[in-house]
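Note that the chains are named A, B and C in the order they appear, and that numbering of residues resets to 1 at the start of each chain.
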Amino acid sequence: MFEARLVQGSLFKKVLDAIKDLVNEANWDCSATGLSMQAMDSAHVSLCFIDLNAEGFDPYRCDRNLTLGLNINNLSKIMKCAANDDVVTIRAEDNADAVNLIFESPNQEKVSEYSMMLMNIDSEHLGIPETEYSATIKMPSAELQRICRDLSQIGDSVTITCVKDSVRFSSSGELGSGNVSLRENTSVDKEDDEVSIDLHEACNLTFASRYLNFFTKATPLSNTVKLSLKSDVPLVVEYKVGDIGSIKLV
Amino acid sequence: MFEARLVQGSLFKKVLDAIKDLVNEANWDCSATGLSMQAMDSAHVSLCFIDLNAEGFDPYRCDRNLTLGLNINNLSKIMKCAANDDVVTIRAEDNADAVNLIFESPNQEKVSEYSMMLMNIDSEHLGIPETEYSATIKMPSAELQRICRDLSQIGDSVTITCVKDSVRFSSSGELGSGNVSLRENTSVDKEDDEVSIDLHEACNLTFASRYLNFFTKATPLSNTVKLSLKSDVPLVVEYKVGDIGSIKLV
Amino acid sequence: MFEARLVQGSLFKKVLDAIKDLVNEANWDCSATGLSMQAMDSAHVSLCFIDLNAEGFDPYRCDRNLTLGLNINNLSKIMKCAANDDVVTIRAEDNADAVNLIFESPNQEKVSEYSMMLMNIDSEHLGIPETEYSATIKMPSAELQRICRDLSQIGDSVTITCVKDSVRFSSSGELGSGNVSLRENTSVDKEDDEVSIDLHEACNLTFASRYLNFFTKATPLSNTVKLSLKSDVPLVVEYKVGDIGSIKLV
C-alpha cells in the first residue's frame, strides 16, 4: 500500500503543468524516502527529474517500493480537477493496476476521487553525473522565463555567457539580434529578487530556445531558479517544489 | 405597444449568454404578466424555459399579447453592445416587424438604440409536467459548473446519485474514472454556499456531459442552482434571474 | 549619430501596438526637432502620422537628419521585449545599416540591447492638408473604441452624424440597425470623461468599420481622442502620445 497526502495540493498541480508539454509518459518511483520521477522528453533531447521527499507529505506511507507508470497528459487532466486549495492524496494498492487520486476541499464538504490506469513503461534509470559546474546562477524564475520568451522572438537558440559579476543571454535571427545582461545583485530587499553568480570559470554555451521555453514552464513552482553551466555538459535548470522537493530539467 | 424597461440590464445580457449556444431561434411571449420564452435546443434534445415577471421591469407595458420571434444569436450580439450598467428597454409596436432595444448609460449621456427584424417561428407551447421529484438539490452554481467541467474531462456522461445527506457526481472513460461527492451542508456562513438536499427517494440518473456544460453556462445569473431529479424524467436545472424570474433547463 | 532616450518607454511600445496591424514598413525621420513617421497602410486606404518631439526625450541627440526604414512588425516584436517600466533608447550611427534599441530596467540591473536591420523604403512625403473642419469632437478614447467595436457587429460601415450638442454613430446590416448617441457633456468631474463638440456645420459622414477598429487600437495611448470631420475630406482620429507627441490616423 502506497499513500501520500499533500496538504498544499496545488504544488502537485504545478509539477504536472511544468512537465506535461515535455514528457508523455513516465514511471514514478515510490519508496520509503519519497516519490521520484525520471523521464526523457518525447524527442529524447532533454531529461526531467522530480524528487518529492517523504517528509513533505502528511501522512506518507510506502509499505514496499512501487513503480507507477503514468500517462502524464492524462494525469495532468485529472490534476486540473483539483481546486488550488484542495488537499491531494495519491494512493495505490500493491500490485494494483490503477492509482487513485483523492482531492479534499479544505472544509471537507467536497471529496473527489479519481482512478487512473497504470501503464508498463520501459525505462532505464538515468542520473545527472556529479560534476563541478563552471558557473551556477541563482535568479528570479520569472526573469528567466521572460528572457527566454523574449529572445525566442529573435532566434532559435540562446547563448548564455557567464563572466564575473554578470550573465548575458543572447540570440540572433532574421529580424536582427538581441542580448539581455543581468548584473549580479545580492543586496536586494527580497532574497527572491537576487541574482547571484557562483563562477569558477567564464563560460559561453548555446541552447535551443524551444527547450528553454519548455523548462521555464516550471516557473509557477518557485520564485527563484538555479542554472548550472559547464562546457560540453547539458545545462541544468532547477526549481524548488515548495519545501518538499525539486524539479531538475536537463 | 410593448415596452419593458430593466434597470439591471446586465441580467438580460446574462440570460442571452446562458442560452445563445443552446437555442438558435425562439418566440418570446409578451403578456400582461411578463415576458417568457420556451425553446428546444437545435438538436431537439433539451428544453429551455425563461420567465421574467412584469413586476421586475419599471415600467412594464403590454397593451396586448405579442409574440416576438427572434434569432437568439443576433439578439446576443446586440446585447453585447450594452454596457453592464446600462438600463435596457425592449420595445415593440403592435404588428411591428422589428423589435427595438434601447440601452441608456446611468448618467443618461449615452443612448444606444438597436433595431432587429422579427421572424415567424413555428413552435408548440411546451411545459414541464407537474411531478413530485425524488430529490431536489440546492447548491452553489459555480460548484455545479466546476464539477460538470471536471467530469467532462473524464467521460461523455455524468451520473448523479442522490442519497440521504449527500450527492455524488461520477463519470468514467478511457483515461479512468472519477467521482465528486458533496455532503449536505446547511450550517454555512453564507446561504449561497449551502448544499441542501430534499430527498423523497434515493436516485441514480445519468446525463450527457455536453448538455450539463450547456446548462451551466447560466451560472453567472445566480450564485445558487436547483437540480430536480426523478427516474425516467428529465433533470431540471433552475437558476434565478436576479429577483425578476428564472431560467429552467431541462 | 542619433540617440533618443525615452524614460517612459511604454509609450513607444504602445505606439507600435497602435500601428502594427495597419502599417507594414515605414520610414522614421529623425531631425533636430524630433522623430516622425508617415506611412500608408498596406491597402493604401489610410494614412498614419506619428510625431514625437525632441523635448520628450532625455537626452535627444541628432547630429544630422537620418531616415530609418523599418519593418514595423519586427520592430513591434522587439518592443514587446521591453518591460513596461523600462527606459527605452533608440540609437543609430550615421550611415549605419542597423538601428539599436536599448531597454534598461529602472534599477539598472538588467540591460537589453537589440539590433535590427534597416531597409530602403520608397516613400513620398505626405501631409494632411490644412483645412477648417466642420466639426471637432473630443471624447473618451475607450468610449470611441467601444462604439466602433459594437457597431462593427452590426454593419461594415459607421456613419457619424454631428449636430449641435450631440454626435451620433450609426450602422446597419443584415441583423438590423443600431445607433449610439452621445450628448455633449463638459461638466463632468474628470476632464478625460468630457464629450465636447466644436461645430461649424452639421455633418454626416460614413467610414469603414474595419478602419475605425484599426484606428482605435491606439486607445491605450491616451484617455481622450479627437475626431475631426468635414464633408469630402477623410476623418482625422488623433491621440496624444503622453505629453511628447501625437498619432494621427486619417
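In the analysis below, a residue touches a chain if its C-beta (ideal position, glycine included) is under 8 Å from a C-beta of that chain, and two chains touch if they have at least 3 such contacts.
Quantities reported herein were computed from a predicted structural model and do not represent experimental measurements.
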| Drawing the touching chains as a network, do you get a line, a ring, a star, a complete graph or other? | complete
| note | Copy-to-copy rotation (subunit A on subunit B, CA atoms, range 0 to 180, rounded to a multiple of 5 degrees) logged as 120
| How many angstrom lie between the CA centroids of subunit A and subunit C, rounded to a whole number? | 43
| note | subunit B residues touching 2+ other chains are none
| field | Parts of subunit A lying in touch with subunit B, wherever the complex brings them together | value | 71, 74, 77-78, 80-81, 83, 98, 107-117
| So in the complex, which bits of subunit A are touching subunit C? | 143, 146, 150-151, 153-154, 175-183, 185, 195
